[in-house]
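Each structure below appears as structure tokens.
Next, two complexes with subunit A in common: one pairs it with subunit B, the other with subunit C.
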Partner chain A sequence: MSEKRTIDARGTFCPGPLMELIAGIKQAEIGDELEVLSTDEGSANDIPEWVNKVGHEVVGTSEAAGVWHVVVRKTK
Partner chain B sequence: MSEKICVIVTSGSREKLQMAAMLASVGAVSGAEVLVFLSMNGLPPFVRSSAGAAENEGELGRLMAEKKAPPFLQLFEQAVELGDAKVHPCSMAMDVMGIGKDDLLGFLGEPLGLTKFLSEADGAQTWTF
Partner chain C sequence: MKILIVGGGMGGTILANNLARRLKHELKMGKAHITMLSASEQHMYQPGLLYVCVGRMAPDELYREQATLLEPEIEFHVDPVEEFHLPKNHVKTKSGKVYDYDIIVIATGSRAMPESIPGLAENSVNCYTETAALDMWRQLKGFNGGTVTIAVGVPHKCPMIPLEVTFVLHDYFKDRGILDKVKFQYTYPIGRLHSLAPVGEWAQGEFERMGIHTETLFNMKEVDGANHVIHSEEGTQKPFDLLVAVPPHKGMEVIEKNGLGQNGWIPTDRHSLKMEGHDNAYVLGDTTNLPISKAGSTAHFEAEALAENLAAVIKLGEPVRDYDGKVFCFIEAGKDRATYAMFNYNQPPAPKAPNKAVHWFKMAYNQLYWASARGLL
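Moving on, here comes the complex of A and B:
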């Protein structure tokens, strides 16, 4: 059964949130969702670029109170 | 054929080491084969006794040290662990400094000479810092 995990990368800067996501994806199973929390707007924009380039799936991106939430599904 | 990125680091400034580490790590986790060549003042921060030591060139280096930017050593190590990156010390710089492979951080690859580096860099996009 697929799981959802949160990666709290608040307070760090590019490419910290991306690298933390990638470390999480390595450990995840196909179909799992990972939600990255980031206070760095550059990372919120850059993570979907990376996800599209390597072929995973962006489930959604949202911002609340200065924290970006990027949800990614591992597809391969 | 996958993309190949070569990165030459000859500067010991925090800003340049950081930019090189960002390029190497993001490139390596995006499907590129990355080869980093450390020479001149770019090598001492990878020596165990002076690991991570870097001079700030200016405002950005100071800010990065003050805030929580991922340290360049961590990013280079992640490039190797999470992606297809190799970080090689320059054999000439090691000779000049009088150090051996055991004096360097564990994630570094074998010492490389310029001839070998040039043949590796043939046809690759190459960045210098």
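Moving on, here comes the complex of A and C:
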């Protein structure tokens, strides 16, 4: 069964939200969704760029109170 | 009050000593008791492996007897934990003994897993264990030119290693007079040269000056040893004559086996360092799941904050402060220049241009580390 997991990368400068997502995707099963929380606006661009390049799927991006929420589905 | 520290590496050792000093009176009166369980009677200064892999340090310079680093009041056993029974407040060790506690701190570290990428273990070198660093040194000695490709897995311990190993190898080949025969290709998992943006920008200039080719958004998928090519998850590939890996890491198997955390990473509160869902279990260093550097300095600053808090809990019944995410990383920028990055959850780093003074400070720190482990620095 697919799961949804949150990666709380708020206030992180190293390794950073995308690195956390890459590590998280490796542990996930196909179909799982990962929601990355980030206070770094750059992640809102970096994450979709990587996800598209590798061929996973960005389910949605939103911002609330300075925190970006990027939801990604592992597709392969 | 019985405090049990599992792991005698950077985090566990600094915590134990710092706590022993703060609780001197309570330990003397028998009101507190500190026990450390570790998997080795030796303590290794892991950052020294970066020098071992280019023949600038011998491995025996990196070890001290763990018992000699600890305050005399600390009870120390080389007896690795095999079972954690957190609801019952005890652990079971390899020797079959059961140790109970009021407070447990888990600091078992992490390990490089080159075997987790197909073909990587057989076809690459790395500097993450003594054996690997010595093997790297031997392979470097026999390398007389060709393409050196650096490939980086996530997560990994010591965020500076990908850059440092590149700089250090560059100077190693320069000293051997064969730099003109070596082509460097540096790859990195995300869209810049380092996860810390200012460090990545600084590295960009350095690499351009040094003629190092770069490819970002490159995550290892598999290595084709027969054809000397590494393939990325992103669908690109890089040839190599020598493949230098920063392997992906996992926490210790015992953590995963006991269901404390997927891949050996224990869910940890970023401020209190409490294991999530437990009031008397804390986590330190590499084995946390925190989104911060897996570095000795992280373990060090966490240990200081936790020692202060545990002492306060025992003396006052309450913790006194939060861990603020502080990390300090030296960055060796070659054989005789270095800089550093310092940051926390709120403040990004601002690295300066490398210079010789910081390099010499890092060399001095390689020795001062033993004072730091004793909790003196």
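Quick note on the criterion: the second predicted complex is superposed on the first by the 73 of 76 C-alpha atoms of A that agree within 3 Å, B and C clash if a C-alpha of one lies under 4 Å from a C-alpha of the other, contacts with A are read in each partner's own complex, and residues count from 1 in each chain.
We adopt the following convention: a contact is a pair of C-beta atoms (placed from the backbone, for glycine too) under 8 Å apart; a residue touches a chain by one contact, two chains touch by 3 or more.
The structure displayed is predicted, hence computed values, not measured ones.
Which of the two partners, first being subunit B and second being subunit C, lies in contact with A:53: first, second, both, or neither?
Both subunit B and subunit C are touched by A:53.
For the overlaid complexes, name the partner, subunit B or subunit C, with more touching residues on subunit A.
Per-residue touch count on subunit A favours C.
Quick one: classify A:27 as touching subunit B (first), subunit C (second), both or neither.
A:27 contacts subunit C only, not subunit B.
So in the superposed three-chain picture, is A:13 touching just subunit B, just subunit C, both, or none of them (first/second/both/neither)?
Touch partners of A:13: subunit B and subunit C.
In the superposed arrangement, which partner chain does A:35 touch: subunit B (first), subunit C (second), both, or neither?
After superposing on A, A:35 lies clear of both subunit B and subunit C.
Across the two complexes, find the residues of subunit A that touch subunit B and also touch subunit C.
After superposing on chain A, subunit A residues 11-16, 18-19, 22-23, 26, 50, 53-54 contact both subunit B and subunit C.
Touching residues of subunit A toward subunit C in the complex: what are they?
Touch residues, subunit A against subunit C: 7-9, 11-20, 22-23, 26-27, 42, 46, 49-50, 53-54.
Provide the residue numbers of subunit C that touch subunit A in the complex, in ascending order.
It is residues 154-155, 159, 189-191, 195-197, 217, 219, 233-235, 248, 262-263, 270, 291-293, 325, 327, 341, 343, 345-346, 348-349 of subunit C that touch subunit A.
Under the stated contact criterion, what part of subunit B meets subunit A in this complex?
22, 25-26, 29-31, 64, 67-70, 75, 78, 82
Which of the residues in subunit A end up touching subunit B in this complex?
11-16, 18-19, 22-23, 26, 50, 53-54
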